[in-house]
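A, B, C and D label the chains in the order they appear, each numbered from 1.
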Amino acid sequence: MSSLLKSREAILALAILILLALIASRFPGFVSPLNLANVFTDTSPLIILALGQMVVIVTKCIDLSVAANLALTGMIAAMMNGAGVPLPLILLTVIALGATLGAVNGLLVWKLDIPSIVVTLGTMTIYRGIIFLLTDGKWINAHEMTEGFKALPRLIFLGLPIMAWMAVAVIVLTVVLVRRTALGRAFFAVGGNAHAAVYTGISVGRTQMAAFVISGALAGFTGYLWVARYAVAYVDIAGGFELDVVAACVIGGIAIAGGAGTVAGCVMGALFLGIIKNALPVVGISPFWQMAISGAAILIAIAFNSRNQGPKGRIILKKAEHRA
Amino acid sequence: MQAQPASGTTPPVLSLRGISKSFPGVRALNGVQLDLFPGQVTALIGENGAGKSTIVKILTGIYQPDEGSIAIDGRPVQFPTAQAAGDAGVTAIHQETVLFDELTVAENIFIGHAPRTRLGLIDWAAMEAEARRLLTSIGANLDPKVRLRDLGIASKHLVAIARALSIDARVVIMDEPTAALSHKEIHELYELVETLKAQGKAILFISHKFDEIFRIADRWTVFRDGQFIAEGHITDVTEGQLVQMMVGRSVDQIYPKRPARIGNPVLTVSGYCHPTEFEDIGFTLHEGEILGFYGLVGAGRSEVMQALFGITKPSKGACRIGNDIRVIRSTAQAVEAGIVYVPEDRGKQGAVKGLPIFQNVTLPSLSRTSKGGFLRLSEEFRLARDYTQRLDLRAASLDQDVGLLSGGNQQKVVIAKWLATRPRVIILDEPTKGIDIGSKAAVHDFMSELAAQGLAVIMVSSEIPEVLGMSDRVIVMREGRIAAEFAGDAMTPENLVRAAVGIEEGEAA
Amino acid sequence: MTTAPQATGRQIPDRLMSPTRRALKSWEMLLFVVAVGIFVANSLASPYFLDPWNLSDASFNFTEKALIAFAMAMLIIAGEIDLSVASIIALASTAMGAAMIAGAPVPVLVAVGLGTGVLCGAFNGLLVARFGLPSIVVTIGTMSLFRGLSYIALGDGAYTGYPAGFGWFGQGYVWWVFSFELVLFALFAVVFYVLLHRTNFGRAVYVIGNNATAARFSGIRVDRIRFMLFVLTGLMSGIAAVCLTSRLGSTRPSIAMGWELEAVTMVVLGGVSILGGSGSIPGVVIAALVMGLVTFGLGLLNVPGIVMSIIIGALLIGVIALPRLWRMLRK
Amino acid sequence: EPKRIALVVKALGIGFFEAAAKGAEEAAKELGDVEIIYTGPTDTTAEGQIEVINSLIAQKVDAIAVSANDTDALVPTLKKAMDRGITVISWDSGVAPEGRMMHLNPSSNPLIGNMIIKLAADNLPEGGEVAVLSATTTSTNQNTWIEEMNKVMGNYPGVTVVGTVYGDDLADKSYREAQGLMQTYPNLKAIIAPTSVGIVAAAQAVTDAGKIGQINVTGLGLPSEMAGHVKSGASKSFAIWNPIDLGYSATMIAYNLANGTAKAEAGAEIPMGRMGSVKLDDKLEGAMADPFVYDASNIDAFSSIF
């Protein structure tokens, strides 16, 4: 029980509950199940991208190109829709395209050994630039999209829109991936101690590449969801969203130095940001406060995470071993 | 002695021929050979840096040999990755415990080959049960669910042993497996070796301890300076002969200890404590004295020295330097007070790879070589040249990157760096670890010279001959505490080992 | 029998490599060639390029970012990063605006801008150096916090009506075509060159970036130097804030949005290793010129900004990848 | 030697400005000796616009007609342009008077302010709560229109503006802000979005919330983008001036000023080709035309044009 209370995830969950209670005290309607479902739906893209980012960060890399990837694949999805391509084919294409864009990052990191932050800083502008080259900067608007294309994320299934179910599905898949597959565990091994990973026969570069591919595929998928949901595609959609995604991971306790982090933490980090974004306008706090509040939340979260890490130093004295 | 053909009738399971491996600046292995036989323990013997661990890494797919061939059951094989070696039935307990601090004990044992459910997913329950069984079989009472970070070095080493055993192998390699273990655990390990032998596995056993070599080995192989020297049956050889082959000359020449005049106390430490690392450390060091610190790997000697040097802060205790009582809070303060530390981990803590040699040497002396905070390269160069020449450094030029030097030469740069600050107390942590015989002699020579000039020296070493040959007095540490202190005639190998492993006087060794 | 090698081995040469030889083999040289190439291409592509006044105007595209990039380069060489620089500009500019409304004279405005920068830098430095938090996440947090504070203060408003004398910092000319900003750029290029390459402090920065543990084991006050680097970066952001505010003549919370990544790009393009430990100020100076020349040259051809950023992005990856590819192919 | 006139917009790719560029080309064709440089930054920042304007100054264009991202920040640069002999006017979204010779409002601000609230009130005979979804907090013209709207609120008794939120001209943020409005004000009857991005996002949000018929979305939008929402009933009517005409008029004015055929001074009448002429007030501003209302009856005719 005490160890449960100490865990990062439990504290984050508590923080979310307190946040909700505070909001509810000023605006009870916010915590109605219907509205909470709305908040979750709204946060779905952030959750999906944050899970992809988590996998990358766990391997000690970072992917700053996710938002650009999303924008590019989203635009392609809208253009394919305009050309009359059926929806299932569009979905397959965006996922494959997203994965390919991720693979480009991964290959540069793996084969040329360029630090991931440099690679993705570069590809971030390149991917966005490609949208401009494809479209001349033109928007694709709601009336240029078919109803079926726009409807999928909105369809209600068991009380929740498909968009939200997609996030749930990605959460479940990621849990299985990181907890129950060899590749998932390899992410942690590579990020935790690359040197030791070699001793256990895990290829560091290949594993990092796999992480980028996953992150890219999820970004591609989110690209469709985003464009269909907001019914618009243009160069700048989701501009700057990569930093929200990284922030969600940081709040969720994913160690930026690699090797540690949980799906639950990551999802709650995303929810925490999502609730703040949705609640501020509702509670009547000026929207101008939003940025400062999320900044403060990030700082508090990392200060907290580092405090939780326990004493440094080797354990030599017998009595110091195994303390809970 | 000649390389004899394999023992009797059984052919070797694994045999190496003509293996060479070079690193920048070092030829670690030069055309060596090695044979391992089923149901037999082969001891690989050689000085530090002879290339023993390098051969282990080649056998486990971590390094690729530059030349030579590996054969299993007479068929040539290649190990491009650690996975490939495991699949071919070779498993190893490595000298350094390379494991994952953030993962649990069970995962550390099974990462890469975890039990799966029918769906192909990792079966955590089976993994933990299996881990518990393996740990129990080697007498380790560890919870498989505990994170590795929360364990001490000995327990981590047990996990590494369990990991090696979790692979169903025909060849088991143990690189100094007992170095980090306590008395009881060592005995369990010996029993384990017997069991493995009985199962017909071929075992390669690397150790510097002759008592255990004679106790468990069936065969021996000696390497020296990366070369194969000889091999044979353990029954046909004596300890003296092995040492002779290992070192290539008689042993007592190596330690040129000059008698020094022991003067006033310069450093008195009392009651130093740390929450996890050490407890109740106290001793006095005098001018001109060389004080040896002996102990098993992980006994906490380095940690104590680092506390003296201001890297970590003791939770209790104080020290007196000359006549001032003070607590050292940072390395900068230690350097000001005249205490300097040549660290054990040269790569991480000593040399700044990526920077040229002269910049490494002048690093702590910049206040002397610079003027008003501005660098003066000519002064730096002069200082660096003075001290590197005195230590007989070999390098192409002083603005060569330190990372390109051989280990021994790197060590010389680090020692030069500290001597250039003209300290009162120099702490040398494993000063000759991994450096060649020639450099070793140079370092020992220099140490004696320094002591003769009145410098107080603390030498941490795990090599008994070195400790006995160089020290005026020896302190032995065990599990973070001072276990004993010896001087004069009490400084015998037996006493040191007893105190280090914790055997009471009279108990059979 | 093995014997100890004799002391009469190879002799170590009695002097260091000459600076010119070192320079000729360097990254800066490669970048310099690229810069000259772009310059020539631009002169051929547009008749308007080779005009002193135009080139002077073009310098505004990079001077302020370069001021930050100099400090950022030192920070990155020391193995840290500061993503909050653009937000520091916003907050410093907001503070200056508030001071201006309160009737402060020009020198006080400048002091407020620089002071805010220093305080923000000290806050980052405290979190990183004192509490040991990773700088990338700390500054992602303060990036939102600082700009967020500026939004809280200004909301949808703007501070306008800076005193006439204030405009000089961003719009004034020291002599002929040499604007105050351009002179400041040159001045700080020299100051940072000396600081990084000619002082004990600069040496310590390299040591920390190459091996912070060994630095601590060598008696270097690692945390203090890290702290000072963050303060320095804050100060340079404050200076950039003064210039930019003066140039725009107004303050809004969205000022300098996205500049942090441009500054990092400039630093990395300048040959500074993002992993720390290597890089030089001349490299960053040339990278600033390259970025300025590319954007200005393409601007003269009315190429849209986003195409320029593709080119910069490709340049970033390309310049780093090419030497590695070359090495791989030679093997 | 043709006159080179630069049409600088808030950001490339926005439908409204693409239409204005069409108008500018039309004017160029009509005038014959005019070359149009259609340009702008990639995102709606003042810094980006300054870089673009700097390179236009370097090219020594004859005139710059700019729709500004920031009233004040462009002033120093535009002043420099005027010092170098370049004709500078602003259109659509204005620059402070020191930074331009004149400003062309698409329509008169009081008219627009009145129009947006009138469109909402016409569908609310009983009165009720309405909310505003604007562009960025710094958008000059939206702020002016909202100000003008507040001045005439007295003429619409029973209609109350309960809140103003900002969608930053980003589709997703506008969408979320619209959702927030619906949750905060359960009795909301109308959302007024005086921006073409915001109005589409708000209509989409209302549709998704299933509140068509309950909440009316109105404001300023483009017929091509709003056609679907007018048909679905999410928006009963909205207004806009013709952006093609706006680009055309700005070009005509810039040409006439650069040529010296007209002078930008208070009271002057500057010819704008087929759009007649614009009369400048003492702030040197003029209005092009009245906004035009689109609803189910005429939307199809216009949705294919812009």
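Some observations on this one:
Quick note on the criterion: a contact is a pair of C-beta atoms (placed from the backbone, for glycine too) under 8 Å apart; a residue touches a chain by one contact, two chains touch by 3 or more.
Protein identities per chain, from UniProt: A = Autoinducer 2 import system permease protein LsrC; B = Ribose import ATP-binding protein RbsA; C = Autoinducer 2 import system permease protein LsrD.
These figures come from a predicted structure and were not determined experimentally.
Steps from chain B to chain D, taking the shortest chain of touch contacts, total 2. Looking at the partners of chain C and chain D together, the chains they share are A.
Counting C-beta pairs in contact, the pair that comes out ahead of the other among A-D and B-C is B-C.
Greatest centre-to-centre distance from chain A is found for B, with centres as Cα means. Centre to centre, using the average C-alpha position, chain A and chain D are separated by 36 Å.
Note on chain placement: the centre of chain A and the centre of chain B lie 43 Å apart, centres being C-alpha means. Here the CA centre of chain A is 30 Å from the CA centre of chain C. Residue positions of chain B touching 2 or more other chains: there are none. Among the residues of chain C, those in touch with two or more other chains are 155-156, 258, 304, 306, 309. Contacts with at least two other chains are made by residues 132, 137, 235, 288 of chain A. Contacts between chains form some other arrangement here, matching none of path, ring, star or all-to-all. Which chains touch which is summed up as A-B, A-C, A-D, B-C, C-D.
On the chain A side of its complex with chain D, the touching residues are 27, 29-30, 35, 38, 42, 132, 135-139, 141-143, 154, 226, 229-232, 234-239, 277-278, 281-282, 284, 287-288. Residues 11-15, 18, 42-43, 137, 165-166, 170-172, 175-177, 179-181, 183-184, 186, 200-201, 204, 208, 224-225, 227-229, 303 of chain D touch chain A in their complex.
Listing the residues of chain B that touch chain C in their complex gives 224-225, 248-249, 309, 311, 330-332, 334-335, 341, 343, 348-356, 358-359, 363-364, 366-367, 370, 373-375, 377, 381, 385, 388-389, 392-399, 417, 437-438, 441-442.
Only residues 46, 48-49, 51, 54, 57-58, 60-61, 155-158, 160, 167, 170-171, 244, 247-250, 252, 254-258, 295-296, 299-300, 302, 304-306, 309 of chain C touch chain D when the two sit together in their complex. Against chain B, the residues of chain A that register as touching in their complex are 176, 179-182, 185-186, 188-189, 192-193, 195-196, 198-203, 259-260, 311, 313-318, 320-323.
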